[in-house]
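The two complexes that follow have subunit A in common; it is paired with subunit B in the first and with subunit C in the second.
Let's look at the complex of A and B:
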């Protein structure tokens, strides 16, 4: 049999292999540490990205909706939950006259169905390209022409068929562009001009789905779902809200800053929780590792003393223990980050649905940065926790250690 | 001893993952199935049905590879698990698919769960196949019937 030199690395590997249960236990502790660090940092970064995206997405300062439909509108904005509510379009002209209002633009909402007639059940948002100041800046990032009749723009999470079309109420519509991911309800919505909306409603009525799409007797030519308002410079949302309420009754007003503030508050609680859990797990793992290494060195006193007696230097002994701890960290770190990746990335849509908060995964560069940082922390954890025990073990007197207990 | 351990670990992993592929789409990460209003049967319903068959097949192959000791036979069973694993991945992604909206459970939960499980079983089977080839190299006789691992 070929003999191999007993290097520090080989000796450490043999030591770890000779005690598989102990090694597995130590690897598991580092696994937890790496999982919590990478998973926690990815989760909190995704929430921060989502909040930033929501801020950009809000666009309008105020949204006027029919009475008691504030929550429905916020649902459309945050999660894309299909909703429909209508009021008379004359409200748009009335709001335009209110003091402090700079721009207004109306939108019309209609929901498609989870049935054979439709490719996907989504919220279709009709807007007026001539007045819109909220959706078109986003569309402009991916499509530079004016959106035509019968054409639609799909949110990033809408799954298109091979021909780049979507079928709604048995009619096929061409998807001219797909928006970038925003982590808001925009990702689950479809956008069209008002003529296309009329085609959709006519299609729904022709297919006998009038009740299902819930436009009831609504006259599409005279109805709208919301009026988005941009304020003039120098006016605040509260003043203009009061001005609008004085002039128009039977409406509800959603303030963008309130939507953002309440989301930010909810997110703050969650972020504090995630960061605390990550920090506590990290500290706990480091403490457990330090205790386990200390116990291990105590148990292996005689073994290390024998190595000293056959000529191993203190540096070599120290090196063996630190290399063992590094191998453990390496394996635990890789397994922990890989498992976190297998959970966070494929299940991101599900996580977002369950959280009900804007959630946008970081881009590749940011993800790699977080991965590098998590791996570095995990790889350092083992040697850091073992350092004291390694020095202590290497300093023990060989003769005393061997004779101990006799 | 190592061979014995490997046999049981691989067998156990395969049986568990196969069971999850078979039963998961009906229980833990359930598909949408039949639409509540229109009673239309959706694509994901058929995906769950197909996965039931593939998952059971993976579990049975895993059980057999934990029972039999002959490495050549176990290599064949591992190849079977590997091919079934690829099939389990292709059913929800290419062959049948799931529903169109990301909002729906089958796309948000069932699809990623099945993808992760299928990739795991494929990865574990590739490692097992390499391990069996490696440990079997020196001991295999020409006819492949008797090996040192038997």
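Let's look at the complex of A and C:
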């Protein structure tokens, strides 16, 4: 079989092959760079998405909860940690009368221990479809009818059975829709109207189950867990909060902007850290690559000069070195982004739990954009780092280099 | 094809003093010439042949091939000239470690645009240089003599008009030196001019003309003048 032409690409490939340890070292540096770039940007984007999703889903300006239950309410919102707290539903009417309040809607929370749906407690959120202004706007994206009695809507992370139903306290409920992922605690919650909540509580009592939520002593018809408040135009949250406090005691008030702001602050610190680490890794990798290529060209002075002596142009020498650096970048870039993908995608739930912050992976199009950008940066890193050495190597006086190599 | 070296000079600065490594050298090389250049280390021999090979720019003077001044060529043209007209054998080990013997010989063929393939010619040259059995071996497995044969085969792959060999027999034993000289002599007999630098006095027997380089000045040995049919070269202005 006739040997293949010795093209620039082939000469570069042969050279990389002849120095496997050096090649592996260079590939590893680009691998780190690609891993940091793709992993960092994906992590950073997921946190931003999570924050955006949280902002979108908060809906109400204020949430009124029983005294000292602010943290529990935030836990339901952010992490889906099931909680129970109740106060008298007459509070809803009192709040409605407060100056600056535009709309009110109450919710009722139940947490179950081991429902058929999940191996962990799940938060059941009851709401009034006639007054609700928080949940229905985003339920409307997946379910266009009014939610009926005995029907429930499941968060994205609730595992449904094959028949599309969920079993609570021996009773089966039809899941009419499953919500899009939000990366907040809402993904672990199920939603139902108040009649369904009453059915659920009755079922629990009938089954005589010792539930994690003590609804035994609670009159479902007279109790609520939270009142969500929409402000009138021209009123700010602080003023209305003061107005509510003046009229009603024994309550705590959660300001949505505070939930968002504190999460955003925590996230800012993390994002700054991630972005700094990514940037530093990138610069460091580029520097290490540049130094390694420079050392490599120095070591190969004679070899490149020999190529010049048999007719290689300066451009050809540059081409050989840059092609080698591109091959290194190609391999390191693909391996780095693939490894970052293998870690970030399958472990996203774990990452989210560990971070304790809203964390929502970008959609396919955005992920592909990040992937493309990361690959492009990784592929460019090698040639960029090698460019100076390549030009220097090609400009060296061949005769002098051959003599120096003796 | 005739190569004419005209008043070639290379000046370096050593410390703060300028000195001429090659001083106003002129001579003519005709097809089939086998030119030996001898002289002490540091006398300027390598500098001279590397200027002829377009690997070093002269300070003054020119090298002309059939009237074309090759020292004024741009990089691309100079590279094409080196690739097609010159077969260069450098001092010491001059193979590419990442390529096997066959590919080492084939490399120059692929550095310029050419039709056809290089393998047949490369194998034929390996046959002529007596190392056909080593075609798949890598340079690290070869002896000094074998490496030199690879360099000679590589220098001939593009059928050059001139072969420039910078001390091709240094570090070789007597028998290998004789074999290498025989190879180069055969090359000259095919009409390719050979310009060789050597310290080996026995190697001089293979040459048709001998030049002596001393402190940058090149002089043709009187005994060779009758053969070359030229006047003794006055190398200093």
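Assume the second predicted complex is superposed on the first by the 392 of 406 C-alpha atoms of A that agree within 3 Å, B and C clash if a C-alpha of one lies under 4 Å from a C-alpha of the other, contacts with A are read in each partner's own complex, and residues count from 1 in each chain.
Please note the rule applied: contacts are C-beta pairs under 8 Å (C-beta built on N, C-alpha and C of every residue); 3 or more make two chains touch, one makes a residue touch a chain.
Because the structure is predicted, anything quoted here is derived from the model rather than measured.
In the superposition on chain A, contact is made by A:122 with subunit B only, not with subunit C. Look at A:347: by the touch rule set out above, it reaches subunit B but stays clear of subunit C.
Touch criterion met: A:157 reaches subunit B, while subunit C stays clear of it. In the superposition on chain A, A:5 makes contact with subunit C only, not with subunit B. Touch criterion met: A:311 reaches subunit C, while subunit B stays clear of it. When both complexes are overlaid on chain A, the residue A:14 reaches subunit C alone and has no touch with subunit B. Of the two partner chains placed by the overlay, only subunit B lies in contact with A:188; subunit C stays clear of it.
Set side by side, subunit B and subunit C differ in how many residues of subunit A they touch, and the one touching more is C. Of all residues in subunit B, those touching subunit A in their complex are 32, 35, 37-38, 40, 42, 99-104, 107-109, 112-113, 115-116.
In the complex of the two chains, the subunit C residues touching subunit A come out as 46-47, 50, 53, 55-56, 75-76, 79-80, 82-84, 88, 90-92, 94-99, 102-103, 106-112, 117-119, 154-155, 158. Those residues of subunit A that touch subunit C in the shared complex are 2-3, 5-7, 11, 14-15, 17-19, 303, 306-316, 397-400, 402-403, 405-406.
The residues of subunit A lying in touch with subunit B in their complex are 80, 113-116, 119-122, 157-159, 161, 187-188, 212, 342, 346-347, 349-350, 353.
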